[in-house]
Amino acid sequence: MNEVANVAPQAKTIMEARGITKRFQGLVSVDKVSFSLAENEILGLIGPNGAGKTTLVNMIGGTLKPNEGDLLFEGERINDVSPYRRAHLGIARTFQIMKPFPGMSVLENVAVGALFGRDGGEKSMAKAREIAREWITFTGLGQRMDAHADALGGPDRKRLEFAKALAMGPKLLLLDEVMAGLNHVEVDEMVELIKKIRARGVTLLVIEHVIKAIRSLSDRVMVLHHGERIAEGDPALVLADPRVVEAYLGKRRT
Amino acid sequence: MVLAQILLNGILLGGLYGLMALGMALVWGVLNIVNLAHGALIMLGGYVVYYIFVFTGLDPFAAIAVAMVIMFGVGFLLQYGLLNLIVRSALLNTLLITFGLDVVITYLAQFLFTADFRTINPSYAGANFSAFGLTVPGIRFAAFVVAIALAAALWWLLNRRPLGLAIRATSQNLVAARLYGVDPRILYAVTFGIGTALAGAAGGLYGMIANLTPYIGASLTAKSFVIAIIGGLTNPFNVILGGIVVGIAESLATLYFGATYSDVVSFGLLVLVLVVRPTRTLRAA
Amino acid sequence: MKNSIVALAAAAAFASSVGLARADNVITLGASVQLTGSSANTGRYYRDAYGLTIAKINEAGGIKVGGKTYKLALKILDNQSDVNLSVRQYVQLITSDKVNFLLGPFASNFALSDSSIAEKYQIPMVQGGGASTQIYTRHYKYIFGTLPAADDYYASTIEMFGKLQPKPETVALVAADDSFDVSVAKGTRERLKAAHMKIAVDATYREGNSDFSSILTQIKAANVDAILWSGHETEALNFIRQMKSLNVNPKDYYGFTVGVPTEDFRKALGKDANYAFGMTSWLPSATLKDRWFGDALGFAKAYKAKFGYDPDYHAASGAADVETFAVALEKAGSLNPKAVRDAIAKINFSSLYALHTKYGENGQIILPQIVVQIQDGKLVPIYSDQFLNKPQYPVPPWNKRG
Amino acid sequence: MMGRWPLVLAVLVAIVLAGVPWFGNDVAVQFGINALLLATLAQSWNILGGFTGYVSFGNSVFYGLGTYGTAVAMTHFNLPFGVGLVVGAVVAMLCAALVGIPILRLRGPYFAIATLGLNGAMAAIVSNLPIAGSNIGLVLPLMRGDAIFYELALALLVVCTLTVLWISSSRYGMALVAIREDEDAAGSMGVNATLYKVTALVLSALFTAIAGGIHAYWSTFVDPASAFDTTLNVRMVIMCVFGGPGTVFGPVVGSFILSAVYEVLASEISTAAVLFFGLVIVLAVVFTPKGLTDLMAGARRSGWRYLFRNIRENRL
């Protein structure tokens, strides 16, 4: 696993951020952050609440525009590309505050991903449903295929959110706290799922508070604090870094 | 000189326009109800002033004060008994229910007051004075002053009184009202009552300048609506300013394009403001 | 599933409408009139005039058509001042209420669309509420009207101008933008030109407008001799009140197409109504002999007694519409719409409304407008083709009035 | 998604309705034309309002443009009715596309408000256009034969409903519903919201404009007040919402029922019909804020208590 991180410079870069900054009414949320993602890599993104993690994901997903800096996807600058076009390029995400389509069934929710995802999605409804069923089964929601999305409980909603993103057939998947609120068993299941997805060639950026999961998943870990990148590298090293411990964990101790 | 006089006309008329919109903006901003019956309430207020004036001989400006109290009651009851039942449902529903209310109030007005024209016509109705070579119609000037005074009173209430603070807090967050120890149902009803009282005042002043019929409501709603958006929903003075902008724009349109263009101008302004700066003017809904 | 059943039921419901049973000695006249809504104030003249005249004719024993005596009946619907609804109601009157003939609504824009229904079903309509020439330029065969052409409304006024001292030279023409008033403005413009008068301000305003301050400011600046105004009654009231409050004083004259002859107008304005000129196609006078009411005075008296307010030309015009049917039916000797239509085209009788109640080639009555003025709160006829009374002229400025 | 039964019944209903001019009387045909056109308007409104959730008060703009497009083409250029309809529809669709792009950026209430203003602006503009007869309006040539108008209106409603049927089960419809359910999420999933919203508005404009054109020729007279009538737009909304927005047959059923009720009232109690109309709106909003379909589902579950549950949910 560590090898992957070490060979990253040789691997093809799929996404790159160059000094991106986001300000909200003068408050700096993300401050000149640069990083890159190698193809098929899993990058864990951690940091205390309010560190700017979700803002960063929103900028990659396209719902927010950076004030400064450049975002590159497969070598192209995507700063001004709208969210739906990024989805067509192969960027998919989950939302921390989950956004299922409440009036639709689970199957329909996921089918939307298949219908409009990478390269504009699947044109045939029948095929899209087929794809949707596969991913629903994959994420363990097979029993709830026809349930209404707003009838799902918390963990199932996480799975739905995950399935929707997967159905888009992404190259890069941004997961924003898909494990929050899950119990130990469920977290382990989710970790297994993510590993399976990586095995299919997908690159992942994973925001998570569950350190155990980050540790076992990530090739590299990046830490944000007050919008700045304070550490990056091998998970074991980064998580042991005193600055990280102080910024992130230290607060909890006091 | 013509231009100056026309600007003056526009400004004076704009003050009244602003007052018409004041109640609508308050209700919209705080309760998130786009009250399509607002014009009908203005009409109702006009009739209340008319009847007080005709039956008691009270001076119309004093009658307006009485009418405001009555209209406050009407508004309070409307909100408490009816609109409170639906305030939490979708915007579409508040639009529909107030549209229905508009139809009902207009019908009842025509039933009670007949379709005859009414004018609030005190002896000094046509009086005017000259200033800087311009003719200033007395009643319009007085209406303008009343409009400014009521805007100032509303500002004072909202910014300097505990009740006003509670109202403003409610517009941000429903539960906030409870922090002030006020039942939000009452607070909503009071807010709507204030909006209706302002509509009543506008109706009385309108009745001194133009005729009252049961059917003036729809066009007054449209006007108030345009001004509430142009002026914004938060600051009473901005609403009056919005009224003045529309008043001047209409007057100039009449001068340069002809009187049939005044609606093009005001509705055009509305769409423009919405498309160019939607979030500046309205609070997030 | 349930939806579809309901739909089926609804479809069945409107597939099976039932016609009204009809007594065979009654002739029903149908009308859709503004009983509510923004035009209800004038609409009531038609409702009342239709009702009164029909009652009077029935009192006198009804009418004889082809040797058989018939009573008249009225079926009146409220169009709520909504043109679309009035069109539907006329269709309903013809097809479901099975009325025999049609009386008209108030106002030109209503008559304009409703007359198409009469033409479509080939049922004669005599209407007394629309004066716009547009109604009659379509070569319809089944529409007749008792209001004289809108283009000519100011004809007698402008003719009178030539005989007034001082003669007005510059004029401000103000008109609403609806069918009737645009026709008036067009005709007036041509006549003013022919009379070599100057139109210093020519303003059109939007129907329903309540603020005239900008137009009045322009008129004041142009310092005109006369204002000729055409619009709706409520707008006329607003115009005069704002004239006063902005101290706008034409040097000689201001006149209105509508409003001046009505009681409402004088009541609403009080003293400020004085000196206003207007016009009417009708004044209650003993010279207008009438078969049912005796004369126009008799009509006015009966009308006031029954409804408590004075009739104006709208009411008289409406009464003449009913009488037109009565006379034409007797002449036609049949209830056949075509026969009645042809009879109407040929009639010429003295009614409470006009000495010669007859219709021109296009279906519209030809009748001069009598210039009237309010003098000390009373309506005084001034001029038809000669002076009838002395006008208070020129009108004094607002600040010089008692 | 939908069973076979409603479709079969709908076809039956359409066949019965098509026969009305032969076995019904003039009144039925008259009422039918109105009811069918109104149902078409409600159904057109449904395309945008029901599926994307964007509440438009600007559909009366398209109705007016269809009306005027047809009227101007027929009176000024002596074009046949069919061409007039096309002209009206094209003008309305162009307007929908041009106006749609800026105002469909506005979300929810802002959009509703902008469209409300747009209608006022358009009425004011048209009443100043000499070619459109200014505020006087235009008189169209007279055509006898209401059966033709009736069948045209029915055909339009059928085509419009088939379009909605297609939408409800297509990729296109999935996009619209996704936008309604959560526009941001839909965007992040690759739905080009602007494209779908604008095309929905354009589709909606197409049917609305043709309905306007048919009505214009049938009533032989158009003027700005009746062509750009906000009340008509409110009626579309009420009929659609009453029947069930976002469903295939709901708007049609809703508008048939309301048309029938209104017609009966207008002829029975004439004047008071307006009052009743107003009261019905008020009561409907209070008791059944989610429309007829929800009412039926709710009533099945909990009977009359459903009505009061709605109040409990929405009151303060």
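We call the chains A, B, C and D, going by the order they appear; numbering starts again at 1 in every chain.
The rule is simple: a contact is a pair of C-beta atoms (placed from the backbone, for glycine too) under 8 Å apart; a residue touches a chain by one contact, two chains touch by 3 or more.
Just so it is clear, the structure is predicted and the values come from calculations on it, not from any experiment.
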Problem - Number of hops, chain B to chain C, where each hop joins two touching chains - result: 1
Exercise for the section: Please remove chain B from consideration and report which sets of chains remain connected through touching. Expected result: one piece
Exercise for the section: Select the chain whose centre, defined as the mean of its C-alpha atoms, is least distant from the mean of all protein C-alpha atoms. Expected result: D
Exercise for the section: Give the label of the chain whose average Cα location is farthest from that of chain D. Expected result: A
Exercise for the section: Give the chain pair, either C-D or A-D, that is connected by more C-beta contacts. Expected result: C-D
Problem - Geometric centre distance via CA averages, chain D-chain A, whole Å - result: 42
Fill in the blank from the handout: Here the gap between chain A and chain B, centre to centre from mean Cα coordinates and rounded to Å, is 51
Fill in the blank from the handout: Whole-angstrom distance, CA centroid of chain A to CA centroid of chain C, is 75
Practice task
Just give me the whole-number Å value for how far the CA centre of chain C lies from that of chain D.
Solution key: 36
Completion exercise
In chain D, the residues touching two or more other chains are 124, 127, 134-135, 274
Exercise for the section: Find every residue in chain B that makes contact with two or more other chains and list them. Expected result: 107, 260, 263
Handout entry: Arrangement of touching chains [line / ring / star / complete / other]
Key = other
Handout entry: Contacting chain pairs - touch in the sense defined above
Key = A-D, B-C, B-D, C-D
Completion exercise
Given the complex, residues on chain B that touch chain C span 1-2, 5-6, 9-10, 13, 107, 110, 115-119, 121, 125-128, 135, 137-140, 209-211, 213, 215-216, 219, 250-251, 254-255, 258-260, 262-263
Fill in the blank from the handout: Residue set of chain B touching chain D in the complex reads 34, 82, 84-93, 95-97, 99-104, 107-108, 174, 184-185, 188, 222, 225-226, 229, 260-261, 263-264, 266-268, 270-271, 274-275, 278, 282, 285
Problem - Complex contact set, residues of chain C against chain D - result: 1-8, 10-17, 19, 35-36, 77-78, 80, 82-85, 87-89, 91-92, 94-96, 109, 112-113, 116, 119-120, 134, 138, 177-179, 182, 206-207
Problem - Residue ranges of chain D touching chain A (in the complex, touch as defined) - result: 169-171, 174-175, 177-178, 180-182, 184-193
Problem - Contact footprint of chain B on chain D as seen in their complex - result: 55, 102-103, 105-106, 108-110, 112-114, 116-118, 120-121, 123-125, 127-128, 134-135, 234, 237-238, 241, 272, 274-275, 277-282, 284-286, 289, 311, 313-316
